[in-house]
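Let me begin by presenting the structure, written as structure tokens, before commenting on it.
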Amino acid sequence: MSDALLLQLEIDQLNARYAAVLDERRFDEWPEFFLPDAKYTVQARENFDRKLPLALIALESQGMMKDRVYGITQTIYHGPYYTRHVVSPALVQEDEEGGRIRAQANYAVFRTRPGDASEVYNVGRYIDEIVRTPAGLKLASRTCVYDSEMVLNSLIYPI
Amino acid sequence: MSDALLLQLEIDQLNARYAAVLDERRFDEWPEFFLPDAKYTVQARENFDRKLPLALIALESQGMMKDRVYGITQTIYHGPYYTRHVVSPALVQEDEEGGRIRAQANYAVFRTRPGDASEVYNVGRYIDEIVRTPAGLKLASRTCVYDSEMVLNSLIYPI
Amino acid sequence: MSDALLLQLEIDQLNARYAAVLDERRFDEWPEFFLPDAKYTVQARENFDRKLPLALIALESQGMMKDRVYGITQTIYHGPYYTRHVVSPALVQEDEEGGRIRAQANYAVFRTRPGDASEVYNVGRYIDEIVRTPAGLKLASRTCVYDSEMVLNSLIYPI
């Protein structure tokens, strides 16, 4: 059991580093949390629950993630905002399959626009497949399933 | 000390599973977190602090919890909403009495109604008595003491 | 590695106790989380990022913290409100220098005024230097860097 508990801690550290990279706007480091062929999806809960394919963001490799970062930092015109991720301790699923750890964690992302109060931006849960590599835990897939049916303005930065 | 720290992790896992059951609307599994004679109370902080008995919800056994779940899922007419629990790492109290672990954890519950933005719904702390059983940690009592004096609309689902 | 993970747990306990003291309004206990010559700073992210000195609160010793507590509880006239801290698991930095542990954690503080709904009050991150003492972990410095450029009304209680 102690191993499972320590695994929770490792995943909490992963989530904390992930949040720090996004909130501190070190976007170039964001793809490094993933395996080269990893999937990153941001999907409304309604679609996820009904197994509908439509997703707000669906990236199917680390290359696509780097493209996204290029878009965010170099080309997309958008009003700037700060994000702040508050993430609950991860729930480690027991049925590890083929060396893949399955975990999930509830998150709340708060947004602050210049000169404005902070507001609830996006709440939901991370559903993850994680692989242990020589470079530490890496995401094989992260699906951000958000409750919010109305996404406040356009979602620019990764969740 | 290491044992106390591992206990915190176990309680964090309990809280994460508890949140997942409620947020994923698997309400039938909710009473299973409790002992048969457990108490579940949702009470305003104002009343809790003054030791006043009035509570929004006061269930005094697992049977009453099952009744509540039946009400929620079968009979109460209410506008649907999603909940999302974000819970801080638990604070494990040192004075374990008679085999009962005492712990508390701050929570924020966000609500999302169809077609609407997510909003802060209920914030407060869980005050728990927990017992170790052959089936894992079980709640002997959970008191949800919420700050919000004005509960947004009626509170239907457990906190 | 296991030591680093246990350190995360200890810091999570520190943060949970810290939050409990503030949210339960046991302000007299708040300075005890710090070393005698510790610094406590609450600063807007904009100023922090640009290394500008202006801060909303800048206390440079435990004595100044006790003064502040005296002000809060005895002399400052202000509308009362409840706070609720929800804090993510801490991110422990690897480069421990001179016996100082460096850690950070994202937080969201919710405020509830009498008769009102809870609202997002202040979100940001704690940036900490922590020292191990015979009395447990103590803060050598805590900087609360908040995203919110517009602080809702005046900030009275520590973050």
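Brief remarks follow.
Lettered A, B and C in written order, each chain numbered from 1.
Criterion: a contact is a pair of C-beta atoms (placed from the backbone, for glycine too) under 8 Å apart; a residue touches a chain by one contact, two chains touch by 3 or more.
Just so you know, these numbers come straight off a predicted model, no measurement behind them.
Overlaying chain A onto chain C using CA atoms gives a rotation of 120 degrees, to the nearest 5. Counting every residue number used by either copy at the chain B-chain C contact, under half are found in both chains.
Remark: chain B and chain C have CA centroids separated by 26 Å (rounded to whole angstrom).
Of all residues in chain B, those touching 2 or more other chains are 9, 86-89, 108, 120, listed in ascending order.
Residues 2, 5, 8-9, 45, 86-92, 104-108, 120, 122-125, 147-150, 152 of chain C are the ones that touch chain A when the two sit in their complex. By the touch criterion stated above, chain A contacts chain C in their complex at residues 6, 9-10, 12-13, 15-17, 19-20, 23, 82, 84-89, 108, 110, 112, 114-120.
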